[in-house]
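Labels for the chains are A, B, C and D, by order of writing; each one numbers its residues from 1.
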Amino acid sequence: MITFPGSLDDQDAARAVRYAGAEPVALWHDDADLHGVAAVSVPGGFSYGDYLRAGAIARFAPVMGLVVAAAERGLPVLGICNGFQILCEAGLLPGALLRNAGRHFVCRDQRLRVENNGTAWTNQYWAGAEFVVPVKSMDGRYVADRSTVDELEQQGRVVFRYAGGNPNGSKNDIAGICSPNGRVVGLMPHPEHAIDELTGPSADGIGMFGSVLDALAPAAG
Amino acid sequence: MPVTAVSVDTVEHALSTPDIAQPHRELGLADDEYARIREILGRRPTEAELAMYSVMWSEHCSYKSSKVHLRYFGETTTDEMRAAMLAGIGENAGVVDIGDGWAVTFKVESHNHPSYVEPYQGAATGIGGIVRDILAMGARPLAVMDPLRFGAAEAADTRRVLPGVVAGIAGYGNCLGLPNIGGEVVFDQSYQGNPLVNALCVGAMRVDDLHLAHASGTGNKVILFGARTGLDGIGGVSVLASDTFTGEEGGTGRKKLPSVQVGDPFTEKVLIECCLELFAQGLVVGIQDLGGAGLSCATSELASAGDGGMRIELDRVPLRAAGMTPAEILSSESQERMCAIVEPSDVDAFMAVCAKWDVTATEIGEVTEGDRLVVTWHGETVVDVPPRTVAHEGPVYERPVERPADQDDVQGDVAELARPSTSDELRFTVLRMAASPNLCSRRWVTEQYDRYVRGGTVLAQPSDAGMIRVDEQTGRGVALSCDGNGRYVRLDPYAGAQLALAEAYRNVAVSGARPVAVTNCLNFGSPEDPGVMWQFQQAVRGLADGCAALGIPVTGGNVSFYNQTGTTAILPTPVVGVLGVIEDVARRIPTGFDMTANGHVLLLLGETHEEFGGSEWAHVVHGHLGGLPPKVDLAREQALGTVLVAAAADGLVSAAHDLSDGGLAQALVEACLIGDTGCRVTLDPDADRFVQLFSESAGRAVVAVPRASVPAFTELCATHEVPVRELGVVEATWGTLEIEGVATFPLDELRAAWESTLPALFGG
Amino acid sequence: MARVFVDVMPKPEILDPQGQAVARALPRLGFEGVSAVRQGKHFVLEVDDSVDDDTLTKIAEGFLANPVIEDFVVRRAES
Amino acid sequence: MARVFVDVMPKPEILDPQGQAVARALPRLGFEGVSAVRQGKHFVLEVDDSVDDDTLTKIAEGFLANPVIEDFVVRRAES
C-alpha cells in the first residue's frame, strides 16, 4: 500500500486489506525497495496535489519505478482513482483520465458491472455481476484513441463498466481496465470504501481484495 | 518598487522622529486607539508595530465590539456544564471529553467577504483556516461542514458566487482528505452582495495529547514552518472585517494588493501529516496556526499566553516575494503556515520530521526572559512591545444598543396570507415547497464533496446530522449539525437564536447522538448600527440562556460583523453548531425510510400549533416576513432528545427525521426520497390540514418504529411527557407518499420536483 | 472568422501552487536550469470579425480572468 | 536567462467541457459572436541560456503535456 505526499485513501485501502484477511504493508513514495510485498495497491487521493495533471508527478516517484518493473514480472497491482491515473501516466495501463464531463468533482454511490472476472483482482465476482461502490473524483473521464479502446474491448480488458448512468463521460462507460495479463487493474471507483454497510453503500468492494489473495494463494502455497 | 534598500523604521528611528505623521486611519485605527498605542509604548509606534497593532486591534481579531456581550457565555456556563470541557472560549477551538480517552475539538468560522471577491479561493482558504485551528489544538482533523448563505437563487450574481464557493470548498476539502459531512445552503435576497461562507472543522485526539497555544520555557526555539511568506492579504484582517475590500499594506509605497489569498491544499495536507507526526513524537511545547494577522497574531498570542517574552529575527522568515518590509512580513496572511515552540534539544528531531514531509521549517527566534516581544530586522529592533497589549488588551467598546424602530411593525405584521384549502391546492403547495430553493435537494452542491474519505463517515448529507466514527475499536463517534434561520432571528433575535440552537440540537438527537457542546458563528451587520448591536446582544443572550437551559456549553465560536451591502445589513444570522456523542455508531438512526422499514409505524412526536411567522411557506408563496417565529420550549426539546437518544440505544426506531423548515409535509417528502421508500399517513381530522402540513412548530420529529417496539417506545415517550400521535405506516410496495384525503404522490413526481431545482439554476 | 488567444496568469504577487509544483518536480526528473515556473490558463477563441478588441478585453477581464488575482493578455492570431 | 512559453491544449478530437462551458456562458453574459472556445494550460518558464530547444521539447512532451490527450507549442519570448 503506497503512500505519496497527498495520498488520501491509503489508510482506507489498508483497512480493506485487513478486512480481507491480509497484512497491509506501508510503502513510502521514495522507498528503495518493495519490502517483499505480494501485491501493490496504489491508493486514491491527490498525490502532489495533482497540480500538473492527476498522477503526472507521482508517476516519477522512486517507488513507481520499482512497481513498474515488478508489474512486468507479474506482481499484482491495483490502482484506485488517483492510483489508476498514476498507472496510466506511468504507462502500465493505456489511455488517460480527464476532467469529468460535468466539470465538477462527483461523489456518488455508483453501480458497477463486472465485465471481466478473470483478473487477479476480480476472480471472486461473477461475470456480469453488479454492485454499488462510491465513485469520487474530479478527473475520472477515461479516454483513449479509438484503436486502443477497440483493443481493450476485443481483448476483454475492460474490467468494470458504469451501470445506471455514467458519472464522468468515460468512453464506453469504462470504469476500470487491466493489463494484457490481467495482473494490473486500474479503476476510478473506490472498492475500499465499500467494505461494510456502516461506512459504505455496500460491502461488495471487499471482493477485489479477496480476489488477489486467491490469485496469490497457489504461488504462496 | 526596488527590490533592495527598503528603509526600515526602527525603534531607534521612532524615538528620534516622534512626530512624523502615520497612516493609522488608513489602517483602520481610530485616533484614540492610535493615541493609546503611543501611550503604551511611550513613543510613536514603528511602522511594523503600527501594522501589528492595527491588525490585532481590528474588529476581526480583537472582538472589540462583541467582547462585552460574549462574556455572557462564560457567565451562564455552570461548573456542571463545564465538566466535560477540556478547553473553551479563548483557545483556538473548544475541546470536549467524549469518553474512551478521546477528546474532540470543533469550531466554525466565517470567510464571508473574501468569498464574495474571489468565490473559489475565498471559500477554499476558509476551509484551510479552520482546519489549521483544529490542528493547532493537537488534534487530527476528521471532517468539515459548510453552512452557506447566498442571495436570491435566481440572481445573476448568485450564479457567479455559488458555483465558485462550492467548487472552492470541494477543491480544498477533498484535496485535504477530509469528508464533508454536512452544512447548509440558504438563499435570501439579503445576502446579495454579501454571501455567508462559514466553515466548520471537527478533530479528535487522545485526551492527554491536548496542545494549548503557549510559549513557555526560556530558551525554547520559535520555529515557523509550512509555506513561504508572500504578499498575500496584507492588511487583510483589518480590512476584510471592515466594510471595504481592498487593502492598504502598512505604509510603504507598494501598490494596493488584493486582500485575497490563494490556497495550496496539497501543502496543507502535508503540513497536517507533518504536525501530527511532530505531536506524536512529543517535539512540540506550544503551537499556533497562522491565520488572520499572520505572524503578528501568532507571535503575540504565543508570547502573551506563555510565561516569558519572545525575540524574533524577522529577516530569517523564508519569503516568496522580493523586497518585503518588516510590516508586510508581520501582517502577511500567506496560508498553510504554523508556528511552534520547541525545546532546543528537540530542534534537530523537529527539523528531521519536516524534512521527511518536505516542509520548509525555519528557526526564527526564541522564548526570552522578561515580558517583551522583540522583533529584529538584520539586527535592528523594529518591534518592542508588551505582547499582551497586542493580543489581548486591545480596545473594548460598549457600542450603543437600541431596539430597531421597525421591530414592532415587523412583529405586528401578521398579514392574513391566503392559504391553500382544497386538496388540490394543498397538493400543489406540497410540490411547490419541495421544489423551492431553500427546501429542494442539495445534491448539486453535496455531490461535489467527498463524504467517504477516511472511511469513518456513518451519516452525511442528506441526513439531519453528519456522524463520524472516532474509535474503530469501540465504535464511539460524534454527530454534528449546523443550523440557523435568519428570518426567525430578524423577527425575534432572542428566540431566533434559541430556535437555531434547538434545531441543531434536534438534528443531532434524531441521529441517535447525545448533544454535549455548542459552537457558533455570529454573522451580523455593522456594530456601529445600534439596531444591529441590539440584534447581536439579544441573539447572544438567547443562545447563552438556551445552552444553560439545555445544559450544554458553548465551547467556542466566531463573530463576523459588517455583513452588509451598502448600508443594508444581512438578516441577522447566528449559525449554531451542536456536537453530540454516540457510544456506538452502529446504533445511529438514519433520516430516511428504507425497504427494511416496510410496515413500520410512523409516529409524530411533539405538538403542532398554528405558527407561520418567518415560515418557509410565507417566504416561498407570499414573499412575506412578519409576525413572531415559532415558540421555543427548550424543556420539550430536551425531553424529545432524551427519548430519541434512549430509543436509538435500545434499537427501538428504524428512522427519524426532525420537522423544521417546511413542516411535516417537507419532512415526509425528504424521509421518503432519501430512503426511496413510500409511506401512508393520516392527518388529524379535527385539526386544520394546512396547519398540520406546513406549520413550523419546534420540538417535533417523525419516527418509524417496528410494530413490536411501539409499546416500549410510546412508554418511553410517556415517561418523558413527549406527545405522540400515530401518523401512518411505511409502505414500500407502492412507491408513493399518500396523505389520506389530500393526495397521493408518486415518489418519482416528488423526486423530479425536489431534485431539479438546483441543476436548473446552476447547470447540470 | 478570427482566432484569438487569451492567456490568464496568476498575478506575480499571488501564490501559484501549480507552477511551484512543476518547478520543484523538474530537477527530480533530471531537468536542470529552469529557475521558475508559473502556470495559468490558455484560451483559444474562434470569433466573428464583428468582435472588436474592446469586446475581447471585456470578455477576458469580466469572465475568463478574475482581475483581483489574475492578469491576462489577449492576442489575435496573425493570419 | 530566457523566458519560455508553453501552451498545452486538449487534442481537437478530445471533448473539452471547460471550453464548452465558457462558450455556452458568453451569450448569456451578452457577448455574441464567439463560435468556439477551447481551454488549455499556459506555462511561463524562466530558463538558463544553457537550456536548448531540445530540452524544452522534452520537458513539454515528457512532462508538461500528456501526448495521449494533449498537443503543445513551445515559444521563446522574443527579447
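One rule holds in what follows: contacts are C-beta pairs under 8 Å (C-beta built on N, C-alpha and C of every residue); 3 or more make two chains touch, one makes a residue touch a chain.
The shown structure was predicted, so the numbers you read here are calculated from the model rather than taken from an experiment.
When the C-beta pairs in contact are tallied for A-D and for A-B, the bigger tally goes to A-B. For the pair chain A and chain D, the distance between C-alpha centroids works out to 30 Å.
Averaging Cα coordinates per chain places chain B and chain C 35 Å apart. Residue positions of chain B touching 2 or more other chains, listed in rising order: 264, 266-267.
Shared interface positions of chain A, defined as residues touching 2 or more other chains, are 48-49, 51-52, 102.
Shown for chain D are the residues in touch with two or more other chains, namely 21, 63-64. Pairwise, the chains that make contact are A-B, A-C, A-D, B-C, C-D. Those residues of chain C that touch chain D in the complex are listed here as 1, 5, 7-9, 19, 22, 25-26, 29, 31, 33-48, 50-51, 55, 58-59, 62-64. Put simply, chain D touches chain A in their complex at residues 10, 14-15, 17-18, 21, 63-64, 66, 68-69. Residues 167, 170-171, 174-177, 264-267, 269-270, 357-358, 446-458, 469, 585-586, 764 of chain B are the ones that touch chain A when the two sit in their complex.
Chain contact summary for the complex, chain A toward chain B: residues 5-6, 8-9, 11-12, 15, 44-46, 48-51, 102, 104-108, 134, 136, 138, 190, 192-193, 198-200.
Touching chain A in their complex are the following residues of chain C: 17-18, 21-22, 25, 28-29, 39.
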